[in-house]
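Note that the chains take the letters A, B and C in the order they are written out, and that residue 1 is the start of every chain.
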Amino acid sequence: MDFIVANLPYLLTGISVGGQYALIAIGYTMVYGILRLINFAHGDLFMIAGFIMVYASASLPLYISLPLVIILTVVLGVLIERVAYKPLRSAPRMSVMISAIGVSYLLQNFAWYVTGGLAKIYPEIPWISDSVQIGPVSTSRITIITPILTIVLIIALVVLIKRTKIGMAMRAVSRDFETSQLMGININRVISTTFIIGSFLAAIGSILYFSRYTTVTPTIGAMPGLKAFVAAVFGGIGSIPGAVIGAFIIGICENIIKALGYTTFSDAFTFALLIVILIFKPTGLFGEKESEKV
Amino acid sequence: MAKNVLKLENVTMQFGGVVAVNDLSLEVNEGEIIALIGPNGAGKTTAFNCITGVYEPTNGRISFNGETMLENCPHGKMKKLYAGTNAGKFTKVIRKTPDVITKMGIARTFQNIRLFKTMTVLENVLVACHMFVKTGVVFSMLGLGKKEEAAMRQQAMEYIRFMGLEDVADEIAANLPYGKQRHLEIARALAARPKLLLLDEPAAGMNPQETAELMELIRRIRDEFNLTVFMIEHHMDLVMGISDRIYVIDFGKQIAEGTPVEIQNNPAVIAAYLGEEEEA
Amino acid sequence: MSKKKKNIINICLLAALFVVLFVLEQTLSGGSMLLTVLKKGAIYALIACSMNLLNGFTGLFSLGQAGFMLLGAYTYAIFTIPVEARADVYQYFDGGIIQFTLPVIVAIILAGIVAALFASLIGMPVLRLKSDYLAIATLGFAEIIRAFMMFEGLGPITNGSNLLKKFPTFSTILFPFAVAGVCIALIVMLINSSYGRAFKAIRDDEVAAEAMGVNLFKHKQTAFVISSFFAGIGGALLAMYQSTVQANAFKSAMTYEILLIVVIGGIGSITGSILASFLYIASSEWWLRFLDETAFIGSFQVPLLRSGFRMVVFSIIIMVIVLFYRQGIMGTREYSLDALLRFFKNLPAKIKSIGKKKKGEDAAASEEVQ
């Protein structure tokens, strides 16, 4: 109990970071569920969303720049799919993955070019950055908002997937790409929707994440991106609740490791966790087993 | 008494709740040509996949030349789900991987041709010779395996010639016409120097003349290489013309066993096949 | 042409290459861009080939290359820093605990061995994973290796997150070419051996390969270990080229860079990987440099040109290759003397036909207008 009290700030940060990872992780897990593609560019989309906010808020009021960030990020996400993944639909999986790495490379270099390689300060969003008191600890309001907002968004998403027609189509496509195509499901629409949802959540995640860390650099998306992906694998890729639980676990563990003074290993730990899970339960906590037909 | 090469005892293969092969027992004796027939979806290829170690049977034992290759009993998650019989009969879990089984002397062809598509015909056959290579990997890297390589190529060419593929030895496998691809599958399996050859629908897609030629070929293979042949086939002319004995399965269960004449007159077999037609 | 004659010509060509390199080095100044590109290109060629062995020939999508390069670079640096320089390099760790040095060649080989050793440990769990899981697991391992190298607790050996420097570098351009050349030759021999065929069989169809008696795990492991061995040597050469090393530089971005070189050259072609390495290094370090500098035509400032633009253009070129020329430069073809001769023979005709085609298109276009 003493340990928890002493490390409460880290725990709270962990939960909050976990929520941000969760928002990114959903983008990974949904795209993987449908296209069987690790969208390496997703973390960079998150970074670009950060920069859009930096530039937009410089000249626009917050109530315009916030929606603008979300809209532009979604447009970019869908554009990436159209340009870089759609032409490779029938290509081997490795080619699509390489294309994703290429996009990630392009986005990073583009961001570097635009910013001149300098870190940019993320604008302060009033109210959510204010500090509040929880028991003995004072923390910013964002720490509290993130997990709540994450859970609300995820419930909305689950409802969308379970209750709507497009959600049903998504489930069908993730089960069997070819058959659902034969059944008259408009694959391209389903994929676009997936990217819209993924990018939307990444934009929200970006706003929450950078409000806390305040600097944006061209390569900043890589690590949270990879960690979110690990969270998705950890929870069983393709499973939304799995990704969310995985993200929270990773966020919390990582911050506890920081609290113990092993900051160097906080990233390495995430990967160690990934490897352990892949060895003992390759399909993750909630993943389903796939078998190959011979 | 002929020596038995392959023996299946109460083999059951269950995927989730679906029983694909149910309590199958059979024996293949040395030098025989045995056919496994049955309606579509009867579990024939699944049985082959169990024999070659691609699948782990849920229950039962498979032995080759008296040595147990695979043995299993329902365990783990399957314990509750198991829907077959003879659950308590086997206790050990032995699982040899497909490559070990091939090394023991069982080679196979695939129903849905699985060649190494980017490689030439010769290279395809050479892959099957690879397991006999004695030169270590470091020595190969230093270029010290040239002699062995030359001998291997010669040997591979013999199998290629036997299957009548010498004209296309340097073609890329994917560019071959369908019939030649089927022949290459057999050449490749032979290069693994098996004692038991499993053919999964070797005549699929062939016309009557080609089928007749294939029949002759299978006999020659058995005689020249001293093999035992176990095959799955739908062409009844081929099956009846060549088999020493036939096993018939339906819904994963064996329904008959006997010589071609016995099978042709077996009411259960007729019902299985005709029943299908009546429904259609 | 007989095989013997071809061999002789090939050897002559190779010898000529070394003579040219030697002459270049003697005539050009040390800071020459051409020499820099050639040096770095040779090192990258080796690393790209090692990655191609895994990704292109065995079909294992591994993204751990940077980790193995890091191991190689560090092993080399740690064992070759002169004893008298150690107090200065390891200033925060009392001169470190290793107080001896190994000869350069021994250290380079050791660099490969250490990388290979780690690969065999890592391979055991991860090589059983399917394609994309393997990619992410190897990427993860590379990150873990990097974290350990930067860990202050290992400082007496690795110098923590500080630079390693003052180790011997190469004095002549012939050195990286010779080492990389020998290593690439070994990779080519392996690919052309029975083992190489088994690797390709695994890439084409795992199930069929296993059914033909190829032990999947053993062969994947072999490819993985050998690839890492050469990545380790490549890392050591890279350390020599840079004259300092720091773990922080070996991020996943480095692996991606090498992967893109392999793709540009053609997945499954050693020749392609070599060509692409030189092209890639030449464009990124030299030919496209002008894109990074503001330029004026008269008093008009050319738009867009400023620091960073080079990499943007570069990544666009890469995306175009990935999307539209998926075969890369070479596809799966390899160098052979015959092909080279044919290429030069057909070159005039090709140029002519391109000219003709253009003319034809122009004519067609003008017809359409009418």
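Just so we're on the same page, contacts are C-beta pairs under 8 Å (C-beta built on N, C-alpha and C of every residue); 3 or more make two chains touch, one makes a residue touch a chain.
Please read these numbers as outputs of a predicted model, since none were measured by experiment.
Enquirer: Can you name the chain that lies farthest from chain C, using the mean of each chain's Cα atoms as its centre?
Expert: Using the mean of the C-alpha atoms as each chain's centre, the farthest one from chain C is B.
Enquirer: Pick the chain whose C-alpha centre of mass, unweighted, sits closest to the average of all protein C-alpha coordinates shown.
Expert: C
Enquirer: When the centre of a chain is set as the mean of its C-alpha atoms, what distance in Å lies between chain B and chain C?
Expert: About 43 Å, centre to centre.
Enquirer: Distance-wise, how many Å sit between the C-alpha centres of chain A and chain C, to the nearest whole number?
Expert: Going by mean C-alpha positions, chain A sits 31 Å from chain C.
Enquirer: Where the centres are mean C-alpha positions, what is the separation of chain A from chain B, in Å?
Expert: A distance of 47 Å separates the two centres.
Enquirer: Which chain B residues sit where two or more other chains touch them?
Expert: Residues 54, 110 of chain B touch two or more partner chains.
Enquirer: Out of chain A, which residues touch more than one other chain, so two or more?
Expert: Residues 294.
Enquirer: Which positions in chain C touch two or more other chains at once?
Expert: Touching at least two other chains: 207.
Enquirer: Residues of chain B touching chain C in their complex?
Expert: Within the complex, chain B touches chain C at residues 52, 54, 97-100, 102-103, 107-108, 110, 114-119, 123, 126-131, 133, 135, 137, 140-143, 145, 148-149, 152, 188-189, 192.
Enquirer: Report the residues of chain C in contact with chain A in the complex, numbered from low to high.
Expert: 55, 59, 61, 125-126, 129-133, 135-137, 139-141, 143-144, 146-148, 150-152, 207, 251-253, 256, 259-260, 263, 267, 306-309, 311-312, 314-316, 318-319, 322-323, 326
Enquirer: Please name which positions on chain C make contact with chain B in the complex.
Expert: Within the complex, chain C touches chain B at residues 186-187, 189-190, 193-195, 197-198, 200-201, 203-205, 207-216, 222, 226, 268, 332.
Enquirer: Could you please specify the touching residues of chain A with respect to chain C in the complex?
Expert: 32, 36-38, 83-84, 87-88, 91, 93-95, 97-99, 101-106, 108-110, 112-114, 116-117, 219, 222, 226, 229-230, 233, 264-265, 267-268, 270-272, 274-275, 278-279, 282, 292, 294
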